[in-house]
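In the two complexes below, chain A is the common chain; its partner is chain B in one and chain C in the other.
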Partner chain A sequence: MRERDTAVDAARRRASPRVRRERFKDFLCVAPALAFFAVFVYYPLVDLFRIGFTNWNLIRDEYKYVGFKNYKWLFKGSGLDTWLASLKVTFSYTFWEIVITLVGGILLAALFNREGKAFAAMRSIVFMPKYIAISTSAIVFMWILNDQYGFLNYVLGAFGVGPVAWLNSERTALTSVLILTGWRVVGYGMMIYLSAMKGISKDYYEAAELDGAGALKRFRHITLPLLSPTTLFLFVTTFIASMKVFQSIDVMTAGGPYESTNVMVYWIYDLAFVQFRVDRAAVVASVFFVILLAFTAATMKISNKSVHYDS
Partner chain B sequence: MTNQALAANVRARRLRAAATVLQYALAIAIVLIVVFPLYWMIISSLKTSEELLQAVPSLWPAQFRWRNYADALAMAPFGRYFFNTVVMTVGIMGLQLVIGSFAAYGFAKGQFPGRDALFIVVLGALMIPIQVTFVPIYGMVAKLHWINTFAGLIVPHAVSAYMIFLLRQTFKSVDDSFLEAARLEGMGRVGVIFRILVPMCKPTMMTVGIISFIDGWNAYFWPKMVTTTSFRRTIAQGVYELKRSYAGLETMNQNQIMAGAVMAVVPIVVLFIVLQKYILSGFSKAASK
Partner chain C sequence: MRIISRRSIAVAALLVVAALGANAQSAKQYEVTKPIKIEWWHALESQYAPLIERVVAEFERQNPLIDVEAIYQGSYKDLNEKLIAAHAAGVTLPAVTVANTPYIAEYGASGVCEVLDPYIKATKFDLGDFGSGLKVASSYGGKQVSLPFLISTQIMFYNKDMAKAEKIKLPETWAEMDSFMQKASKVSGGVTERYATVIPGWDQWYFETFFLNNGIAIVNKDGETTDLGAPAAIAVASKLKQWCDSKYAYWAYGKDASSVMRQNFIEGKTFSVIHTTSLYNMYATNCKFEVGMHYLPGAKTRDSEIGGCVLLIPRKNSQEVKNAGWKLLSFLTGKEVNMLWARETGYMPTRNSVTRTSEGKAFLAEKPAFKAVFDNLDHINPRIQHTAYSALSKIWMQELAKVIIEGGDVAQAMKKASILIDEALQD
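Now for the complex of A and B:
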């Protein structure tokens, strides 16, 4: 250890002014990006935790530090019930978005896994909704889900079901939002799985076929395990994305009815910009950040042990 | 014996044909379900209000009311929304590509102490979404008087950690000998990055550029925070604003709202169709890393 240290020191001492200048120029290449992350990502995160200890609101300019008052409001005071309800609805939204992306994605991948132009075109169509602004598609879905004149209730009515109140009922509002989500994300899951399936060597399938394994068995014992890194990738990215859900909620339900779709980011927004309680919003956001970080870290840790890597 | 084998063969072939038919049928059914909302949007945008509210909805307009589009344009300043969106999106994409290319070069090919530790700092930014930090960022932007300005819309999105990550990966795959040859010919860093690395990695540059463009075009959360009037609103908010401008009379004006939605969706659908090959390859790249 000691020897190596002195060797490094020696190398550093030997570095000529020219080499040092080159190193500095290399560093200058990354400096703008680093400065940006310092100012617009890391500093705001620190500032967020600081604001949580103040009584700042958007109505008055001055504020003072109030210790853990806002945390008490959240964990022991009147904020607790809303917080728990919001956590519950955020996680249940996330759970269903993950299920749709993973299960729906892999089923569609199996279905659309066929050569030829017709299938390539159909795959593109199923994938496209992800690229349409959520706010715009949300407005289209609100029209389809309209309880009086919507097309969905008309179709259900033809089967003797309904009319369902969809966005106007606390029992079905989250489901309504998830219908839009499903439409948007299932093709994305499919595409990610399909591109991973292309990378699986045909040899596995041929060997299994020789052993007499049927199509379902081959899917179960070859495709699924070899796709586990892809499943992990989709799981983690979908988790992070869906915990942040805001756009569809803002347009379709505004957190209602009766806070039944009051997801975490919507609540933070509502606290800050509707109720002007920036201090409380900061505390909810801080705690939310810790939850996100803990869950992501835990997922990574578990998955490192259980994911099957093909190499 | 042979007869039996033949019969088994025929049966197997029939089974396979049936499976193919089933696969086509299911695939087409799913495509129809996915397309339906877009079809319904277009059809609704052309109906009259009376037809819109019929008890039995029509699958094809009895008469086409193109005026819905003019009416929607009269209700909301779509031209301004488009202008704002284009400036914001191009600004974000340009800054992300330029700053991102420099950073990716530094992290992939540069030699300076602490390089890999600093790259962790970049990756860490992926874990801190603006949906968590928007309150302090809003405070900062307000202090700079950037509310309702392009600076406020663009600057907080000017660098993408995800793009740096993808570009670094691609730049790393370029052999050092190309860079050394360019340096020997007296090319500086800027030349190496933009005349050697970027052209050599054109497919990836295209992909990340397009994804940045689409993300910018569809951005909703931050533009909503930083704009308070229609003066700098973007198209992703525009349709919602159009809907709200009918306050209480939305149902009978759905045709005009859908016309606004069509206008908002068309550019991105065209872009998707023209450039989908780059979009698709981008996602397989992302997933394989």
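Now for the complex of A and C:
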């Protein structure tokens, strides 16, 4: 194997001028994208880590390098409690968004995986919230969830329940944001699963039916395993997107009440733009980046072993 | 002797001419000599759009070389984000921008604003016509880094019809608050039919005046510690909690707290609300009853604080843009424009030449509710300036709201807040 690798390397080195020209052309094709990434992704990322070692506040022209001071604040100082609380809130939010997207999406997909105009219309209705801007939806939900004038409490009041301080109580604020999230994402999960379901060959179901498998068994032993690449895709994309949730929190709760919805990205924003502590925000963002990277890599590694590809 | 005198006179005359020449030269360096287009960033919502258009049109008529684009940038918070991002980038800066008064300390310390003193001196801008509190509120480190624009203060809006019908005496002192709370509220069987007042807990500016008037130093003179954990501060916080626990008042907290509070007042669900004078027109227009304004009760002192916004010129602009910006800034802070704002909004007149003259009387004839403010002009102080004030206010608001709304030990909450605040101030 090693000998073969060495031979391939040698062949590469001996590439003809024509091949080298082709490779250069290939490089030129991807160069704009690489330059874009270098300027807008990699450079800011490197600078983010650098800023974490300074006392810069974003608006001062001069700043000093302060070593690990900001890291000490995060891991040993007053930042620790808020960081742990924020991590908990972020993971909690992410967990529920993934559950809603995957479970809700697959159930709705199973329900709406039928032909007919009525089902097409229902699919559109369920999917539509995804197209509405988050800030617009969030403002509408703020009205629905308002404890004094809200529609939800009005309805609950008719049954003798409440009033509930949906957005203003630390016990219900995150749930309230998740209500909006669920309303937005469940249709998206459904559509992705639906398209994957349409791709599953009917032969499998006919064979299983001949063998006497019921609907539940067919779903459990055919649909679910063959949907696993889609589940992996939805899991990874939802995980990354939900860990970065910001807009709905900014509009509906501003991280409150009492930091009960203080997700990581909102906290970073608050440190940088409200408290003028860009140095601390950079440290929190750097650590969060590492956490996200590690989780995503681990997810990919674990899931590669348990995903079934229909090929 | 006569010769010397003549020489002296001649020298003096020459000096005067030279000084005038220098001043003329100095003023000339801030002139706009060629056409320029500038941006003015503001946070004035859509209801003010026609007024802004009128003001800008008048400015452009008077300054034909300058084309102004007034851009609404969202709330003060949104505008702050955009401004500091533009400052960090050094591009896309506006020639003039509004800024909420608490930001001035950080902007001043970080060199975001152009120092206006040379412009004021060279163009003989009448800075002395502003009250001393306003000048301090718009300066940092003894330098004038902005000018007062739309100025307000904390006030208690109350239902004048209810007050007359039920003979409710408004509190002049902190000690009278207990009896006021009982008299103005309607609570039966633990359920509130009408609150005496609503205390805004979403912004510490509204309730900090109660602490300041009780002699509590929110930031001590050393700039590194707070007295918010002291017994006097705990006593004030306990009193606020007691009124809320008794359901005489409620602590308005959360993103929609301001709009809900307004609605409660408009619908008569509360006798009064503590809010900003800038919203006078909004209340007066929407309420079916007569709206009164009452200056907040005092204790050791009876002061309030300046709110609203100032105008500044970002330092990183080119000199041409700064010159055009100064023209606009001095126009917008001028007496005529200020009076226009005062008449058509709830912001206060800022000029002594208005507030202390017959013009002030004419203004009061139009808006008699503002007498409560005019009677206390000397008691409206600049806000506390500290670069860590945003961090301080967040900690304080959060701890106070939690203990008042969710329950808990006030002393413990205030002590916890003071420890965190001390750390923020010292860092």
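Annotations for the structure displayed:
Keep this in mind: the second predicted complex is superposed on the first by the 282 of 311 C-alpha atoms of A that agree within 3 Å, B and C clash if a C-alpha of one lies under 4 Å from a C-alpha of the other, contacts with A are read in each partner's own complex, and residues count from 1 in each chain.
Going forward, a residue touches a chain if its C-beta (ideal position, glycine included) is under 8 Å from a C-beta of that chain, and two chains touch if they have at least 3 such contacts.
Everything numeric here is computed off the predicted structure, so don't read it as measured data.
Aligning the two structures on chain A places chain B and chain C in a clash. Touch criterion not met for A:Arg18: it reaches neither chain B nor chain C. When both complexes are overlaid on chain A, the residue A:Ala254 reaches chain C alone and has no touch with chain B.
Once the two complexes are overlaid on the shared chain, A:Ile59 sits against chain C while remaining clear of chain B.
By the document's definition of touching, both partners, chain B and chain C, reach A:Phe273. In the superposed model, A:Tyr149 lies in contact with both chain B and chain C.
In the overlay built on the shared chain, the residue A:Val265 is in contact with chain B alone; chain C does not reach it. Contacts of A:Leu292 after superposition: chain B is touched, whereas chain C is not reached.
By the touch criterion defined above, A:Asn168 lies against chain C but remains apart from chain B after alignment on the C-alpha atoms of chain A. Contact comparison for chain A: of chain B and chain C, B touches the greater number of residues. In the superposed pair of complexes, A:Lys117 makes contact with neither chain B nor chain C.
When the two complexes are superposed on chain A, the residues of chain A that touch both chain B and chain C are 146, 148-149, 251, 273. Residues 23, 26-28, 30-31, 34-35, 37-38, 40-41, 44, 52-53, 56-57, 99-100, 102-103, 105-107, 109-113, 115, 118, 121-122, 124-125, 127-129, 131-140, 155-156, 158-159, 161, 164, 189, 193, 214, 217-218, 220-221, 224-225, 235-237, 239-240, 243, 251, 254, 257-258, 261, 264-265, 268-269, 271-273, 276, 279-280, 283-284, 287-288 of chain B are the ones touching chain A in the complex.
Chain C makes touch with chain A in their complex at residues 77, 80-81, 84, 87-88, 106-107, 109-112, 253-257, 260, 263-264, 387-388, 390-391, 394, 398, 401-402, 405-406, 420, 423. Against chain B, the residues of chain A that register as touching in their complex are 22-30, 32-34, 36-37, 40-45, 47-48, 51, 108, 111-112, 114, 119, 122, 124-129, 131-141, 143-144, 146, 148-149, 151, 154, 183, 187-188, 191-192, 195-196, 198-199, 230, 233-234, 240, 244, 246-247, 250-251, 265, 268-269, 272-273, 278, 281-282, 285, 288-289, 292-293, 296. Of all the residues in chain A, the ones that touch chain C in their complex are 57-61, 77-78, 142, 146, 148-149, 167-170, 251-254, 256-259, 270, 273-277.
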